[in-house]
Each structure stands twice: as structure tokens, then as C-alpha cells.
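Worksheet for the structure shown next.
For clarity, chains are labelled A, B, C and D in written order, and residue numbers in each chain start from 1.
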């Protein structure tokens, strides 16, 4: 019998206690919420009271980008990729370290390395990318990196890269017409020779 | 007393069901609401993790370990990294160790928050679940700040970490802990001591200690059965022996030792202990030290094998690595804690009502990504 | 990358190597900052690393182990009192290699003996040793004495039969099903030996080294080459 | 009564053009349409309230629309409209193995049950569709139609989850009607009538004349009635028939689109009915809490709606606080706690009335 009444007492007190907690949340609803009104408020999120600012982010994994002017075609990123979403094809440059104006190929990287290869194909399938960041570390020229982030002036926030067609998620970074241009040049050279 | 037996009905709970925490199919035999037999069918989320690992190099395995237990990626990384480092005999410096511990314990808090919250959701309490998600969000913000990813981090590398801590991380973490500690009490009052919740979980799904050991159940589920067994204390890896923390065990406050309420409560207590560890680790964090210092240029472990265990939020996470001296593992087996926890379901949940079975399933805290691998 | 940025990076890397991380963190542009950090990492790799004096540590450990018997030796000594001809091939300090025949009895002894009392089976895994041999490995652990051991059982690929220990450690139920699923090791005496992770009608044993994927599964062609990629 | 008013009004207006049969029909249809309109508008409001209250309790912001374009309006005010439109425009699926006629019948029956209860609800001193002399009894009676339709829905869906939901709801609603009815007997004993208007008139003269403050036993009766009413309308912690984490969606698993909307609508309509009965029976109905102050008929409607609204808010509040009970516990609570309490209340009130009020 005593158990019966303690049960009733516990039920009533614990339920009222719980209702008190929820009522406090109801009254102070805006205090703790972390909701982002997505299309209007975009990440980087407006200030919350967690106490850090966006400049202190280390890195943001938003999308892979390649600076083709710096790429020397060493295939290190292709080998580092655990899901094989990077595909690179290179061809030998006619002269090492020289600009090829016809196909907008730059001969020397910003680190001063002279390129021996022309990258004719540099495809990244972002639908397969697992955002592990492993490809960005072995790159000797630091030309492949994750874009986005609050401070990226060069590349604005672009995490909304959804596409209606899956094949549109294959990003082709190589300069357009590089392959044909190179073949044409080689043919011309052969003809001259 | 005469009992009327109806016809038995076979019912499939899942693969698409709100309470199965993923794609799990439980084939149950029911007599009215009473469930007499449970047969779990796994494999709906099988992604050939172990076969993959035989085809990629050691560093490329780490993103795959993330995806096994997607709710506790940091500790999955941690376990793998510890195993490979043991195999290669690499010693990492103190700063790396401290950062790893901070990350692993924050991850444990996040994982337990979700586990306890979802447990409430299984019993129909929606609000605690969203309160838990709210706080987990802040932890994920901390991770995002550190390594740029919110769920699948690929943060701990063999011999180091992918990034050093960002500027302001320590203050942000301390702020978070100050904010978070009162919330644990609030959560405990809102859900843990609610009479309906207690009635639904106390004395339900009792797992005696012998059964737990025999079925290989580990982690909070084993501790709820009253056994003080935690790899962080009993077989310390990394620098866990430096910290002062308790191991909460089930005491049967509301019912019997090893019931669903104990499993819930042990997790809640572990959140408190993890907060303690994070505070200590931040206090002792060495100011200098390069996180890439002892990273080998090429990971080629010597020929041999190792079985290494670490404490993930779900229990003993073991990695069995067989190396043939090349840069890809010749065999990598993950001993997943949720796999064994699910194995005990039929034993402890048979004969209960349908609502209880789903409550027990929720209390075991399984993650199908890790079970199916 | 322009020259100014390169100069800036060189500057901050030099400062960072001297121990001042602030200039690097104060760079406004994120790309530049991450590049600077990457450059810093590279610069540090070429710095001489601090050698850990591991020899003395190892020596200390060695003297410890020499004075005591390893758990493998204890187990073998204890087993040879009750079983004969159970060891298989050369023994190693890290594991105990036994024959498949009386594995169930040995397991029962290991589990029930008061001094050994391996009450917990931590892990069971199969390994394809190639050259026509499969191996099943058991990691046992004692919650009471806090010691652990690894047992290995070799079987030929033609007749991969190993006695099941599912009735001793119930956790072996699913472990053995998984090993069966992946390697095709037949655990005799298992009550419910079915595939666990793969579908019932799957062909082959995927984790064997000579496994080849099937061409079609239920009429669905298994894709091997990515469309529009090669 | 209202029908008579409308009939008189219409006769005065159109008496020369139409026969009295047509006018009678019209004067019956107009209140029906008014109730239907009221239920629809009320449902939109209460859905919005439920969304917002739950969001604030859970530290979310709920439906919001801050920008231009097809958003849910200012503060998400258009969200319930959008929800309703979505349900209306959705494809209506009837499973091939379902019992077709029963499957179609069930949502209409449950809505009829909720709808005809509104007939006897007093919104104001003269604003009531049919002032029945057995109003309270009538509402209790037609409220039980819900059980039948839930069983129909569960059975006709030919789905195991639905069947579970139907069986659970049958057991639950039938059981909880007993403590609910017994608690209302207290009201009937004190007011001495079954007519809801007369019950409200009995409570005239300020807050302390309300039945709930009549004697110490009545508040208990009120709590018992309120909790039993929660169970009758399948709200948490008694939402076992549709418990989404156990039975997927219970009896409504196979329903979609408009048919599902009917279940939804009648749940909210039933919430209003039970809250209105509680307000009329215990909290003075359309009487002002201050004697003679703000007690014109227009204010009467305000008081009635706000009292009912408060009880609905408490229901929403409870839903987002509590977990769900188990089937056997549900029955235990009903038969071992509420039924004895309700009986004790009847005796207590009877003795109290004889000793103190005679």
C-alpha cells in the first residue's frame, strides 16, 4: 500500500518537474538554439554563444580545387586518394619549363619548379570524393586544396554544389583544348621537321 | 491459471522501421504483444570494409574507419592509429597524445549524448533527444573548427594528427564544458528520473554479468551489469593512466543491476567522467610539440600481426592487423563492439512485450554502420 | 601564387620554426594560411628529429619478461598435462598454434581451468595464408586474471573444418558465422551456421585472396569499370 | 436552439420565396458548415501552435520564413496551410490487399464522431447548435464512435502494424472512458443536470463558484478526467495506437493524403471536444472568472475558447515532455489508479455535499 502511494507521488512530482523544465525552455526558447535558417542565414553561422570566431577555423572541407597553373602532374594526389576519384593524364611537354601560349600552359609554377609535363586531363569526381583531405598533403606545389571557408577570398563559400545530373559533379580542371592543342603543336613540329 | 494461446504471428521489424537505428531487420515471433523469439538479420549496410582495407594503403584505411561507426569517428580513428603505431613501434609526443585524448573524450560525450537521446526517442520522449542533438552540435562545431569536417574527420593519423589545434580551441572547449555541465543535470531530471521513463526501463531487459561476458558484451553495457571493466583503466593505451577519473558501474538504483535504466544511467555518468578527463587534458596540454613530428614518411609495418583494443563509446573496439611487410595490410579485422551487443538481444529480450524489445534495443546503443561494416 | 605571398610564407615559416606561431595564424587569407602551414610542415620534416632512447626501455622490458614465464608458456605447460599432441608446428612467443582436432576440448579446458579462466572471447578472425591454407585465430582474454592469449588453428583450404566453440562462448556464434561468411571455414557443431553479412545466395568467400567478384547478381551486372571515366 | 433562430431568421427573410422544408434544411446546414469551418480554422491554428510550442520546448525555432518567395510566411504562419495543401494534393493510395469499403469508410467515421460532438458544445450563453438536455451524456456517447473507426482502420489496412494499433486503441479508449465518465458524474451530482448549459449556469458568479473549487475532491476528479481524456484522444503519454517508434504509425500506417488528414483532423477536433467538456464541466464554461466583469455574451465566447485553449496547450505541453507508457502499464494505471480514485471521488463528493452543503 505504501508502495502504491509513493508511486503516485513519484509520478506526479517527476512529471511536474519535467513540465517545469520544458516550460523554462518554452519561455527562454531563443537562448540555446543552434538552428540555422538555411536559405537566408548561411554558414558561416551567425554568432552563437559558444565563444569562438570564424577566423580560428583551421581548414574547411568544402570542395576540392586545383590551381592548374601550379600543377606539375606528379600524380601524387591520384595515388593518395582512397576512393580513386581523381584521374590525371599527362603528356610530355615539348620544352621543359616553357610557356605554351596556344594552350595557356604555364611553364614554371609559382614555387619555381619547371614543368616537364602538360596535364591534359585532371578530373575529380566530387560525387565519389569522401572529403578525407588526404590528397592535399602530398602535393609538392600545394596546388590541390579544399576551398570554401569563412575567410576564403579567392573562392567564396561554395558548399551548395548540388547538380541535377550526376555527371555534372565531375569537375574537369585541365585547360580546355589542352590535348588537341598539344597534338596540333606536335603535328606542326613534325611537319616542320 | 489457464493461459489462452493465440496463433503465433511472424513480424518483420525493419529493415525500414523508426526504431531500428539504421537498417536492421528483426524477425520476431509474436503472440499478441509478447515477443517469443527474435532473429536479427544483418548485412543491409555491408560495405566490404575489410576487403577494401586489403586494397588500400595504411593511411588510406583511416577514412574508411570513420565510416564504420559514424557516430564516433574520432575513437574509430584512435583505435586504428593506436594499433598501427603498436605494430610499427612508433612513439608520439605528448601534445599529440593529449589532443587525441581530448578529441576522443569529446567524441565519447557526443556519442553518448546521441545514444541516450535516441533511447528516449525510442520510448516516445522527443524533447530530450533534441536537447541532446543541440549539445552534440556544439561538440561537432569544435571538431569542425579543428579539422574542417563535421562527421567523418580523418583527423588522427599514424604518428600524429592531420592538424594542430586551432587558435582559440582551448577557450572554446572550456566554454562549452562550462555551458554543458548544468545541462547534464537538466537532462537527467527531464528524462532519467521521469516516472514513466523509469517504469519503462527499470527491470526491463536485465543482463546478468555472466551473460554479458559470455556474449562478449563490452563497454557501457557490460559496466551496467556491474563489472568494473574499462580498457582506459585496465589496459591503458595512449596516456589514459595519467588522468584521474572513475568508472561508473550499474548499481540497480531503480531496479535490478543490468537493466535498461542502468545502461542509460551508466552512459550519463560516463559523460560526466569524460568532461573531467577533457578538463584535465586541457590543463596538462603541452604548449609546444609538432603534431607531425613522428609521422613516418611511408607506412610499412614489419611483418607480423597485432590485436589491439581501445575503448570506444560502444565498448572494446579491437583491430586485428596482419601485416606482410608491404604498405597495404594483408588482413584487417575490426572487432566491433556493437556487433556483440546486438548478439545478446535474443537472449535478454525474448519474452518481453513489443515495446520493451524496442526499448532494450535502444538501450544497447547499436550503430549499424559498425555492425555491418 | 604571386611572389609577395611566397615571401610572406617564407617569412612566417621562418618565424614559426623559431617558435612563434602567431604570424602564421594571423594571415587573413585562408588559402595562403593553409599553404603556409603546409610549408611549415615540410620545413619541419627536414629538421633533425629527436631520437627517442628506446633501447634502454626495451632492455628494461626484456629483463621483466625473462624473469617471468609468458602466458603462452604457461598455457602450453598447463595444456600438455591434459592433452597430448595438440601443438601444431613451431611455436612462437606471441601465440599458440594448435591442431584443429581437439580444439573444442582445449577451449573448454581453457575456459574452465581456474588458473587460466579465459572467460571472454575477444575476437575471432580468419586469415588466408595463401598456399592453400586458411587460419582461424582466437583472441582469448580473462576478466579474472587479466591476461590474454592468441590461439591459431591452421586448416587446409580443401577441407576447412574446425570444431565450433559457439556453445562455450556464445559470442562465437556470430564471430564464427562471420568467419564462415568471409572465408568459408566450416565450423563443425555450430547450431546455426549461415551467412551473416552477405546474402544467403552469395557466391564465393570474399576475403580469400583468390576471390573474384561475380559477373552478375540476380541479373544485375556488377559494375567494374566506371562509366564515362576511363 | 440555434437552428430555431436561424429558421426564424430565414423565414423572415425568405419566407415568401421558399417552402418551409427547404428553409429548415438550410437552417440545419448552415450550423453544420459553420462547425466544419470552425474545425478547419481551429485545426490550422492548433497545428501551428503545436509546431511552435514543440519547437520552443526543444530549443528550435520552428517553422520560419524570413525571406521572400515561397516560404512559410512571416514566422511560418503559413506552415499549417502548406501542410494541409500537401496532404490534399498527395496521391491517395489504397493498398491492393486492403478491405476497400472499410478502408474508405474508417476516416469518415472517425471524423463524423468528432464532428457531431461539436453540436452539443456551448460556446456562449446562446451560441450552441443543439441545447440537448442530455448534452454531457451525448458527447460521451458519440465520442466512442472513434473506437469503432480505429478498429476498422486497423483491420481494413491488412497490415500487422495497423492491426496492433487498432487493437491497442480499442482496449485503451474503452477502458479510459470509464474513469472519464465517473469523474464527470461528480459534476452531474453537483449541478444536478446533464444539460451543459445548465451546468455552466450553475457555476455563475466568479472563479470560486466553479465546480473545480466546490470541494477538495473535485480537483482530483478534474485531473482524473483530464488524463483519461488524454488517453481517449491518443495523445502522449497515451499515444500507443500510433506510437511512431514502435508501430511505425499504428492504425494510420497505410493511410496517406486526404484520408490521413481526416485522422489528423479528428484527433485535433477530439482534443477540442474533451477540453471543452472539461472547461464547461469544471472551469465554468463561458462564465467570466470575475463575477459581473467582462461577462457579456461576446466575452463568454472568449472565456470558453480561452479556457479550452489553455487545456489544449497543456495537452501539447505534456506531449513534448513525457515518454510513452507501455500497454500493460496503461491498463494498470487505468484500472488500479484512476478507477479507484474516481469512485472515491464520487463517495467523497456525495458525503461532502450532505455534510457541508445541505
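Here is the rule we use: a contact is a pair of C-beta atoms (placed from the backbone, for glycine too) under 8 Å apart; a residue touches a chain by one contact, two chains touch by 3 or more.
Small disclaimer: the values here were computed from a predicted structure and weren't measured.
Averaging Cα coordinates per chain and for the whole protein, the chain whose average falls nearest the overall one is B. For the pairs A-B and B-D, the count of C-beta pairs in contact is higher at A-B.
The distance from the centre of subunit A to the centre of subunit B, with each centre set as the mean of the Cα atoms, comes to 28 Å. Here the CA centre of subunit C is 62 Å from the CA centre of subunit D. One simple way to say how far apart two chains are is to compare their mean CA positions; for subunit A and subunit C this gives 32 Å. Subunit B and subunit D have centres, each the mean of its CA atoms, that are 44 Å apart.
The set of subunit D residues that touch two or more partner chains comprises 57-60, 320-322.
Among all residues of subunit B, those that touch two or more other chains are 127, 131, 134, 167, 190-191, 194, 196.
Chain contacts: subunit C has no residue touching two or more partner chains. Residues 42-43, 46, 48, 50-51, 54, 89, 91, 167, 213-216, 227, 229, 234-235, 288, 290, 292-294, 297, 304-305, 307, 309, 316, 318, 320, 322, 330-331, 333, 335, 339-340, 343, 347, 372-373 of subunit B are the ones that touch subunit C when the two sit in their complex.
On the subunit B side of its complex with subunit D, the touching residues are 9, 11, 17-19, 33, 120-127, 130-131, 134, 190-191, 194, 196-197, 199-200, 353-356, 358. Those residues of subunit B whose C-beta lies close enough to touch subunit A in the complex are 56, 59-64, 66-67, 127, 131, 134, 137-138, 141, 144-149, 152, 154, 162-164, 166-169, 171-172, 175-176, 179, 186, 189-191, 193-196, 198.
Those residues of subunit C that touch subunit B in the complex are listed here as 19, 25, 41, 44-45, 49-50, 52, 54, 94, 119-123, 125, 127-128, 137, 139, 143, 146, 150, 169-171, 173-175, 182, 195-199, 206-207. On the subunit A side of its complex with subunit D, the touching residues are 8, 15, 18-19, 21-23, 25-26, 29-35, 37, 39-40.
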